[in-house]
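Have a look at this one before I ask anything.
Order as written gives the chain letters A, B, C, D, E and F; numbering starts at 1 within each chain.
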Amino acid sequence: MDAVNAGDNAFLILSAALVMLMTPGLALFYGGMVRAKNVLGTIMQSFFIVAVVSLLWAIIGYTLAFGPDFGGLIGGLAWLGLNGVGQEPFAGYAATVPHLSFMIFQAMFAVITPALITGAFAERMKFSSFLLFTIAWSLLVYSPVAHWVWGLGGWVRTLGALDFAGGTVVHINAAAAALAAAVVMGRRRGLGTPDLSPHNLPMTVLGAALLWFGWFGFNAGSALTAGGLAASAFVVTHLAAAAATVSWVVVEWLHRGKPTTLGAASGGVAGLVAITPASGFVGPMPAIIIGLLAGAICYGAVLLKWRLGYDDSLDAVGVHGAGGITGALCTGLFASVAVNSAGANGAFYGNPGLFISQLIAVVATLTYSFVVSYVILRLVDGTLGLRLKPDEEESGLDLSQHSESAYTL
Amino acid sequence: MDAVNAGDNAFLILSAALVMLMTPGLALFYGGMVRAKNVLGTIMQSFFIVAVVSLLWAIIGYTLAFGPDFGGLIGGLAWLGLNGVGQEPFAGYAATVPHLSFMIFQAMFAVITPALITGAFAERMKFSSFLLFTIAWSLLVYSPVAHWVWGLGGWVRTLGALDFAGGTVVHINAAAAALAAAVVMGRRRGLGTPDLSPHNLPMTVLGAALLWFGWFGFNAGSALTAGGLAASAFVVTHLAAAAATVSWVVVEWLHRGKPTTLGAASGGVAGLVAITPASGFVGPMPAIIIGLLAGAICYGAVLLKWRLGYDDSLDAVGVHGAGGITGALCTGLFASVAVNSAGANGAFYGNPGLFISQLIAVVATLTYSFVVSYVILRLVDGTLGLRLKPDEEESGLDLSQHSESAYTL
Amino acid sequence: MDAVNAGDNAFLILSAALVMLMTPGLALFYGGMVRAKNVLGTIMQSFFIVAVVSLLWAIIGYTLAFGPDFGGLIGGLAWLGLNGVGQEPFAGYAATVPHLSFMIFQAMFAVITPALITGAFAERMKFSSFLLFTIAWSLLVYSPVAHWVWGLGGWVRTLGALDFAGGTVVHINAAAAALAAAVVMGRRRGLGTPDLSPHNLPMTVLGAALLWFGWFGFNAGSALTAGGLAASAFVVTHLAAAAATVSWVVVEWLHRGKPTTLGAASGGVAGLVAITPASGFVGPMPAIIIGLLAGAICYGAVLLKWRLGYDDSLDAVGVHGAGGITGALCTGLFASVAVNSAGANGAFYGNPGLFISQLIAVVATLTYSFVVSYVILRLVDGTLGLRLKPDEEESGLDLSQHSESAYTL
Amino acid sequence: MKKIEAIIKPFKLEEVKDALTKVGVHGMTVSEVKGFGRQRGHKEIYRGAEYQVDFVPKVKVEVVAEEDLAGRIVEVILTTAHTGKFGDGKIFVYPIEEVIRIRTGERGPDAL
Amino acid sequence: MKKIEAIIKPFKLEEVKDALTKVGVHGMTVSEVKGFGRQRGHKEIYRGAEYQVDFVPKVKVEVVAEEDLAGRIVEVILTTAHTGKFGDGKIFVYPIEEVIRIRTGERGPDAL
Amino acid sequence: MKKIEAIIKPFKLEEVKDALTKVGVHGMTVSEVKGFGRQRGHKEIYRGAEYQVDFVPKVKVEVVAEEDLAGRIVEVILTTAHTGKFGDGKIFVYPIEEVIRIRTGERGPDAL
């Protein structure tokens, strides 16, 4: 039996706490961007996901994702109900911390991923349908993809593609589902008028700050030990976020004549997304480059939705899709074994094969997630119906779905 | 002399920081539920408790609670002014961290407990009277009860009752005082009309999120070391909170036809309360059961106040009382030495005696806290007067007690 | 090569995360105190500093501050672009954590310092000029002063002056620049009327809470190891903050007849500022004294601005200047080798020389920072112009600088 | 027809509304306003500086009604909004020329 | 001159504003109000307790205009603010005696 | 009696209030409104998308006064609220039929 290292375990447990805080952070980030009449409904989606997906994960999701491999595609039911997941380490995943620590750290990733998707269908989805979709998605999309990429025996992992903290599993995966949702749900009424302006941008900035804070747990915690690699992942996470904040703001400044606060917050998140897959494999200066690219690319991707005509309300696709892909591919370019000997070199260090593997991982995740999400959404639409009635949409999620008002000032 | 383990100490110190954040989190949780004219006064109560009770604790509270035992009832004055509480471990409480770390971790518990009570007398108590009550309560109720349950030689501890992180010491203790306060203070004017609606529910959800986050420090930190037990406590804390969130929302959905955001936030807190005493003694599946029970029971307990006629404004009794009792008793059922060899088996594992001990601990805490709190409140009422004058209540705590306005939007 | 200690590294990394959160915390602390039309602009200044200064720091700021010494005044360029700053420890600064951990921990200090200054010129500075000033200040003032005090070979360090976590480097340094800014910028229109009241005090309290929380990382983290000293620094930080909260509120209560919430939040910050330089050198009871002094002194210092006629809008000078000087000098009085054998005794422990060293460090920092800041501001004023046009000031930072509105409620 | 406009204390709104519906008022429009008058404002303190705030929160209730109901409405407001302290507020009565219900296009008394 | 005051549903504001500018209205003043009327309010739930909230968010649009334009304005509002459901709102027309533009001191129709 | 209603720039409120009290006005009611007029609104940017916001924040001041004071009030507002730039606002004067003080039941000029 491996021994628990108190330093590593302290680090991983507290990282899990930080990652947990990200989902409420996301709730505020999104909540500030919707209209006042939808803020509770928006927050509720993320908050309730924390509860529901955590339960699902303990009962069955974890074993599907990380249990003994079946054909590279899915985990077995050995750890159903956390049976056998105890206070001793499971060396296959993390030799110096309790298996429970690894499981709960991963739980937080399983939680935030479907929460990201809610940005795409903000302000117009029935709560019951949202719930059904989320449960189905978590089991049918999240767990399998997590298994492919991170599970022992998963086919993407076996292929050699790298995803340190969830560029494919979390961000691209969520973004593909978000795109499906935006397409299926249709556009909000009044889209394109100032009537749909964010109702509370300080709330959004607070959310972004909590995300940034929690992301240190997300990326550095993914080292699973509190050594040099964790320090390195922490540093590149911070620098990429900083760089993307600057690049988004500068691009917006040039394009629209003003540097915006929402741009800064969005840029920060874009940088955090992009560095996620690369965070355990690249050094500080590549991280800055990845951040600079991500800020500019995501800015452009967000504008694209106006051309393409779908209403990805809070830009889950533009930020997490574009950012995740940027990061996953850049990992294929900038990864270096000098940073992480357990990783691989990327194209810029003489190994173009890694870039190909990354590309395969991206395309596979995008395709699988989009298709399955689309099918789930259509099925829910055919049964419960996805969308609010027009007068419910007019009175807002808060009153129509929850019989609550956010503010009485 | 025992040696400090850096991993354990890092864990305990940072856990203390997390627990500290809970009291401002509570300030927001409560602050969002009151009317706009009372939000600062409500926040101020919790915030000022952080300051005042921390000082009291360092000067005298800590030694009363954890100092050398007198008759199982109270600690002696050996550590007055933190004399002798230094950078070396005190093995009686925690062998691998500085005594100062243990002391400050406990300080945060001493802080949040009286802050919980403020929910019962929200929107109508004079600040000066609140202050006097809090100081008296901290010394006359909190320190003794903490000594009984956690102090070396404390009679409840000796009895064998288990309270991992404060089900009796914190939650039941606070709830009994809250009940006394609700009874003594009387009801707010306008009770039962929509005029008393929460003024800012996103603030309440933010507060709940910070509570949840900090509670990882509260419960996992109570392991005092960063080993397997900490991991286990962390996991069961999260799962119970998740389960109670779901069960409160589902019960409310069935009862009132809508799942509410405030219900989700309240359910989360109810689950965290209930798992607190059990967190170091039960496994994940019992934790889920405890959470499911807590959500439903606390929902019912909150409704009860309308029948019984007292105005426990923000449901300190309904959530912390009902939740705390649920948790303390369930500890007597579900505790297992397989989880914690330093604990005990509960009734479901063949040891019904533990359930009896738990019951005694609950009843003793309830009785002592209620009676002494009641007496303190009556005395303060007879001298300073507890309640705002009607026109002060009308203009609100913020203007009448603090000459401040929360918002100028 | 020294070995990384997982416990120490976990502690330092997570402390860095906590310190990072302080700057968004400051953004909210300040943001709540300005008018609604300036809240985004105010938040943006701090948020954008996180991004810009972090990049500057990685590229050149860190090596200027901590690189090989030149004449006690500045660091050399050996670590330009973090070249050579890796996953192994650099024992000169911290023997048990990766050099990268130390670097990023320090980065967070470099970030928050210029953010503190923004309180002095709130509600009236052009964003572009702010940006130029901040970049210049970070390189020309922050890095040199950090080198003097903390860099190997720095002249203040060599002198023997003590600054555990940034009393001179962070607070006095920022306050001197803030004073220069308040003088150069002139007063806001409408100063002295209730029109300039804080727009959202709960936001300010939330900011103060995040600052307090993060400050545990700031001060305890400055021990760089997770041993007894970290525990001691954590405890004194908390107690000084508590004491200053109480003393500010009590003084205001006596002076104005009411205890205010903003006073409590301000007092907490004042105490945190004052204990910063002393936190690794003094025991709990001296910390309480320092806190009590700081609360009262900063309250007085804040009132002073009305006499002296400059508009230090959010009291960067009154809180960080007065608090920082109080703390730096008290370190010269209360420091004790019983707390930290690597420190020194202060005047009250028989070594008046330390007080003299502290005084020299204070005066040098004040003078250098004031003069250089003044010159930078004048230069920026002469080129870009510092101040908004009157109608921009009337419509607010948010619309005029960022084309955004904070709220649409 | 008349418009009756009452500036009242906010906590009296529910009571006034209920009383008005009892005498046959089927609609009204309410807004938040700030009043200045005999009722003194209050002082506020920010970091030791004291400010006098002159405006007091009030609620404005507007009811359009037929002539014969107008007097009754004034009575009812006088009774229910009354506390006897400064700041109870005012009732203003204005002439009105036309009322139209948007939903149906009805005009005059039928539109109320 | 007349003052036309319309209480409408909030989401109709942009449409009404655009339609009014098309018929030659150069200015208007808008405020947020709460309406009570035939349109039922809604229930709200807080921790299992149910409350009936009677007031519904509305927007008040005020336009001062010359007599001859007034009729046209009423028409335009009737058309654009109409949905046919309860709560579409009312239009009130008041007499007005004088209008002055603060910037120039102009009075009467010129001030509009 | 008359009601004088002025739509002014928010930052002029304190000045106008002070000037009005100097000429003997003992009460007024103030509300926040949004104005549309010659003063252009502003653009806002959200994630690279640009929106034109037409409404500008204004303050509405309502004063009920006796006939002979009304002229003086208009004068005072004209002077103090004036900046000479677009958007200074308007003054509207309305007839009013009755004023009642809720506290005392006084009617007419005595109620002011």
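Operating definition for what follows: contacts are C-beta pairs under 8 Å (C-beta built on N, C-alpha and C of every residue); 3 or more make two chains touch, one makes a residue touch a chain.
Just so it is clear, the structure is predicted and the values come from calculations on it, not from any experiment.
Among the remaining chains, those touching subunit B as well as subunit F are A, C, D, E. Where touching is counted per the definition, the chains common to subunit C and subunit F are A, D.
On residue numbers, the C-F interface is repeated by B-D, which shares over half of its contact pairs, out of the options B-D, B-E or C-D. Across B-D and C-D, the chain pair carrying more C-beta contacts is C-D.
Subunit A and subunit F have Cα centroids separated by 51 Å. Rounded to whole angstrom, the centroid-to-centroid distance between subunit A and subunit C, based on C-alpha atoms, equals 33 Å.
Chain geometry summary: the mean Cα position of subunit A and that of subunit E are 45 Å apart. A straight line joining the Cα centres of subunit D and subunit E is 18 Å long. Annotation for subunit B: residues touching 2 or more other chains are 5-8, 10-11, 14, 193, 197-198, 200, 206, 256, 258, 260, 262, 402-405, 407, 409. Annotation for subunit D: residues touching 2 or more other chains are 31, 44-46, 53, 85, 94-95. Chain pairs that touch one another, listed by label: A-B, A-C, A-E, A-F, B-C, B-D, B-E, C-D, C-F, D-E, D-F, E-F.
Across the complex, subunit A meets subunit B through its residues 4-11, 13-14, 16-17, 20-21, 24-25, 27-28, 31, 39-41, 43-44, 47-48, 50-52, 54-55, 58, 81-82, 85-88, 97-98, 100-101, 103-104, 107, 127, 200, 203, 206, 398, 401-409. Interface residues of subunit A facing subunit C in the complex, by the touch rule stated above, are 5-8, 10-11, 14, 18, 35-36, 197-202, 205-206, 208-209, 212-213, 216-217, 220, 225-232, 234-235, 238-239, 241-243, 245-246, 249, 256-262, 264-265, 267-268, 283-285, 288, 407, 409. Taken in their complex, subunit B has these residues touching subunit D: 190, 193, 195, 391, 394-395, 399, 402-405. Across the complex, subunit E meets subunit D through its residues 2, 6-8, 31-38, 54-55, 58, 60, 74, 77-78, 81-95. Subunit E contributes residues 44-53 to its touches with subunit B in the complex.
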